[in-house]
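Here the structure is laid out as structure tokens; the discussion comes afterwards.
First chain written, first letter: the chains are A, B, C and D, and each begins at residue 1.
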Amino acid sequence: MSTSRPAGVWLIGARGSVATTVVAGCAAMSAGLHPPTGLLTETTLFADCGLPGLSSLVFGGHDTLDCPLPKRAEELAAGGVLPHGLPAAVAAELTAADAEIVPGGPLPHDDRDEEELIEAFASDIRDFTARRAPAGTVVVNVASTEPAADGDTLPPSSLYAAAALRAGCPYVNFTPSTGLHHPSLAAPLARSGLPYAGRDGKTGQTLLRSVLGPMFTQRALAVRAWSGTNLLGGGDGAALADPAAAAAKNAGKERVLTDTLGTPVQGEVHIDDVPALGDWKTAWDHIAFDGFLGTRMVLQTIWQGCDSALAAPLVLDLARLMLRAREAGMSGAVGELGFYFKDPVGEGAAGLGEQYAALGDLAARLRVGEAR
Amino acid sequence: MSTSRPAGVWLIGARGSVATTVVAGCAAMSAGLHPPTGLLTETTLFADCGLPGLSSLVFGGHDTLDCPLPKRAEELAAGGVLPHGLPAAVAAELTAADAEIVPGGPLPHDDRDEEELIEAFASDIRDFTARRAPAGTVVVNVASTEPAADGDTLPPSSLYAAAALRAGCPYVNFTPSTGLHHPSLAAPLARSGLPYAGRDGKTGQTLLRSVLGPMFTQRALAVRAWSGTNLLGGGDGAALADPAAAAAKNAGKERVLTDTLGTPVQGEVHIDDVPALGDWKTAWDHIAFDGFLGTRMVLQTIWQGCDSALAAPLVLDLARLMLRAREAGMSGAVGELGFYFKDPVGEGAAGLGEQYAALGDLAARLRVGEAR
Amino acid sequence: MSTSRPAGVWLIGARGSVATTVVAGCAAMSAGLHPPTGLLTETTLFADCGLPGLSSLVFGGHDTLDCPLPKRAEELAAGGVLPHGLPAAVAAELTAADAEIVPGGPLPHDDRDEEELIEAFASDIRDFTARRAPAGTVVVNVASTEPAADGDTLPPSSLYAAAALRAGCPYVNFTPSTGLHHPSLAAPLARSGLPYAGRDGKTGQTLLRSVLGPMFTQRALAVRAWSGTNLLGGGDGAALADPAAAAAKNAGKERVLTDTLGTPVQGEVHIDDVPALGDWKTAWDHIAFDGFLGTRMVLQTIWQGCDSALAAPLVLDLARLMLRAREAGMSGAVGELGFYFKDPVGEGAAGLGEQYAALGDLAARLRVGEAR
Amino acid sequence: MSTSRPAGVWLIGARGSVATTVVAGCAAMSAGLHPPTGLLTETTLFADCGLPGLSSLVFGGHDTLDCPLPKRAEELAAGGVLPHGLPAAVAAELTAADAEIVPGGPLPHDDRDEEELIEAFASDIRDFTARRAPAGTVVVNVASTEPAADGDTLPPSSLYAAAALRAGCPYVNFTPSTGLHHPSLAAPLARSGLPYAGRDGKTGQTLLRSVLGPMFTQRALAVRAWSGTNLLGGGDGAALADPAAAAAKNAGKERVLTDTLGTPVQGEVHIDDVPALGDWKTAWDHIAFDGFLGTRMVLQTIWQGCDSALAAPLVLDLARLMLRAREAGMSGAVGELGFYFKDPVGEGAAGLGEQYAALGDLAARLRVGEAR
């Protein structure tokens, strides 16, 4: 891929914390204001893979809110999520992205049916691509988690996913929402020949679980119970206070444990909305395990991070890799991207080390694709 | 290897907590009283590798103390390290091992010179092997950490290591003590053609570090400081209260960080002797790292375990693997055993995942060896 | 009070972990096998207050289960709650108490009405007192937490409380269950002239909260959110997995925060049933607070204890104090005992320091009572 | 005291983090930009005590560095210690204080003797008081901890303390440095009739210990070991990396434990310099204690705070209280201020609750003093 021809990143939830951090951060790195901490696509792992350059990315998206991106960035800086001074330093890029964010849906009192909504969204994406992104566009869902889908109705995340297919764009589901996982999208997905990836970005507690789980297994230690509590504020905390949304989130966390430990274990996971914490998150895990002769031991972990800052570099990595994967002719579930997800699509290992190795395989495929 | 012909395990520090747990635990598993939690040599990883069976192992060793093994086992049970009832259930095996423990040295007022000590120790090992261990003997150092060696004098751990070479036994250094790493032993080691492994069993805090370090590296997160405190009682706590002994211990811990992170980081490691904790250990780690755009985040871990129970299955694994390695004709540093050590001899990765993969390579070599 | 005339302690839930620990521990201390750790009634605070001696206490009670007390004690010892060897050492006392435990109710298919049940229970207590406890009997509820009462029906805890009144016994509610707090018991309670105390023993997380809450208030630091998770197994964990029972429990925990901080704060409390932990409990608290100029700070606490061992000395203290209070002619809510409870009856401060001072006031009253 | 006549606060270490936070914070509260979080002198406890108003305080001091205060404030804002925007909002007050900071000493190549240095410092203070502080000046030592004094030579902290006496000013030692505690200052101190307070502000880990220690004692639980590690960067971290300075600091921490527990306990305290943490501090405490029948339990606490933000409100409280104490005619050690210190001068309890009560006694004395 020519690494300098503009490529589009279309964000579902484009005015949220993650999206704002993605846009501001990409601009900050392009301008040399910050090193690319957290981006694997800037490490030697993906050297010579023909990925689109950071400075070639252009942003747009859907959102149902209308707070301007520069204002959102100021709010994030006040909360310590973005460095002070950064919103001013990248004001031009924030304004440019803001101009490409269009209303999503369905809005209250929206009388468009599913087909009309999908077509409207697809049209938005096609228009953006035609004007701004000659190298193509990737669609990434970074909206708040929605409750589990119910019956035949397509939930909003699936409307957007369908629009991505129709607009011919690779699709990444960074949330546990339904997205492409709706039965009615199986056929159009297969026909599209597009690559896709997901679900649910692995940012904090589950990241840890994906390295600690294998540790216990590799040491033949018997985990008896794995319990966890997450405290978070921000929009995510409020969204996950909805038990249905939390259930969708937790399924991914538990899958990681079951897959790496080889068996289900006791223990619950709580997600608490604590508005006082803002965009910061604290996750406590308590792991009771048996050692030699049944000796009872305990490992506890406390992870204190900022979810937007953890998610943003992964989103940029995924956008670049999927743009390149599309160019290289890949289609279907990109299983090698399990490293990035709690509940990965496609085949692949659950331990982080093996998932990292799979990224190397992907890099090799992309290099070959380049050679074509 | 015939898996039932008696094979010897000669323990340096044979009356210590680790050795006592090894002997009692091996007997308990052989009798079917406990599952082999913590032993990789009982997992499918080493299936068909021809390892000596647990019930074929016979124990002996050197120690400078004279507390009978059954009594040590009762003390450990009182402290919760061994299950209650176990010392009585395996009294016969404890007594048998006790009968094979001979005085080590140098003792106070010992007027034997280095050569005499080495020869005496080698003779002890040869005698044990001739009487009890037709399939050969492995020597494992599980004595308390000794202060760093000083000048030309051979420290006790090196006297025992030299004796192992002279008796034709593979050698495992489960401690950070000097052992075979003395310049004067380089030539006899090379001549011996024996396999050896070490140093310093990776039981708790460093085990965690060897999975968390790679996680940060693989996620391109910038670790800024890694600090740790270990609280432990028992003999180990007292031994490590000696700053020289602690220095030897800490070197291994820091090597894991530097190797997995690719760069040295700020932060100290403390080892405190807290007699009230007995054989139980608590390790707190505080890891300050930078995420995207320099956002400051923190991971803390608290590990509460029993060192003897963590060490014993590793000792049994190593003993069995080295006995088989010797039989299969391997010689020199067995680098594939880095999984078990803080500061591994030979070449090898520092991350636990890759070290686990290396064990698979070793298993393959042992299977081939069997085929001969 | 003559400190040696036998006094009765009638336990509701007499075969549970707490009750078993109370009986075994009282015998162990009477025999001089263990120091009276955790008992304030053995400190100078209550010197010369005329409390019944530990060796003068005799035990009985109601339970709906029928596991013999010596067997329960063995189970607790196997789980590390009681010292190994203790069940055997106090077998006689356990057997004696076991003989005084009678079936409670209502049992399945019980066709006795409320009045019949109360009368039956009161008759059990009167009979025990007449035979065994010339110095009188105190009734203490240490049964599992029951769901909040519903409508006019008396829940079991209230049937037992009514029986205590009818038998003329002081009553202590060590649980959050309804007990005497049922509207229909207000009049008989007032008529009885008996002293009573409760509710819900303050054993772990709430104990901590009652010293940390005042710290923040006294330092004029602004607590913004106080979140907590409790992991526990045993019968208590299972009982509290019932949301209605947990709700009753949590009300007390939150009252402590509101009372000591002066205002409600954000944050939830979770109680998870983790059978693997047995009778051991881990409580994690996360307190987000603002310092000077709004600086955001965090305190986290992790409490690892054994609930039965935390509760038992408080139960013994309360039994002795209430027996003496009855003798000294006290009646109504004994507000000076707030030190022991999450949700104290009567007037009193919420901070532990002031509650400790109130115990001193009670000691003074009891000394005067003695002087009569 | 007229609460509006200007009163002086002379800070030793006037360009440090604590001093800068004091000056900026006082201005911010006076301007109504922030509520007085952390100040007891703004609570009802000290109502009607005639304390000098926050807006009446004027600042000056000694320092051996020369970084301008507005620049120091910007640095602190960049590190998250001061709110962004605050340095600009209170630039005038920072500049005014900056103009009253004069060089301290002894400087390198300083050839003044002790008497000359004391006289020079006293003259600086008198001059400031005459020009700016008609209601008098209090001297507060907030400089970095100095190593323990050696022999007869007066350490710098004692030179400043002597100067405070000579200038007729009450003195507060907010550090563990020697200050007035030098034998040669005993006589001039007694003659001065001035009130003084100290030593070593109780800001974080020790604050916690002063509430947790009494909790264990009041519950008759047996603490077996209390271990702790402090990680901190900033100037304080570097200063305390000097073992002699750390020793001075730790003595105060241990005194709190011994005083509240009634007996020395096992366990060490580490203070690590971790520059990556800047002005933020993390303190981990591990408390092993015995419950009923010797059951082993553990409490761990993790305190994450900003030392300057914890110290500044205490410094403002102490300055105001000591200015008023001087006016009210108090002299000698003000033992009622033990609430604020790790190692309080004068008589007083070690538990925080009793220390808080003592502040109430002081308030009563100050009200009486007002009435004169």
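Worth a mention:
Convention: a contact is a pair of C-beta atoms (placed from the backbone, for glycine too) under 8 Å apart; a residue touches a chain by one contact, two chains touch by 3 or more.
Quantities reported herein were computed from a predicted structural model and do not represent experimental measurements.
Fewest steps needed to get from chain B to chain D, stepping only to touching chains, is 1.
Taking the options B-C, B-D or C-D in turn, the interface that duplicates A-C in more than half of its contact pairs by residue number is B-D. A separation of 43 Å divides the Cα centre of chain A from that of chain B. Separating the centre of chain A from that of chain D, both taken as means of CA atoms, is a distance of 48 Å. The set of chain A residues touching two or more other chains comprises 80, 298, 300, 302, 304. Considering their complex, residues 224-225, 227, 229, 231, 266-268, 270, 272, 274-277, 282, 284, 286, 288, 298, 300, 302, 304 of chain A touch chain C.
Taken in their complex, chain C has these residues touching chain D: 21, 24-25, 28, 34, 36-40, 42-43, 80-83, 86, 207-208, 211-212, 214-215, 218-222, 290-295, 297-306, 309-310, 312-313, 339, 351-354, 356.
Within the complex, the chain C residues that touch chain B are 78, 80, 84, 302.
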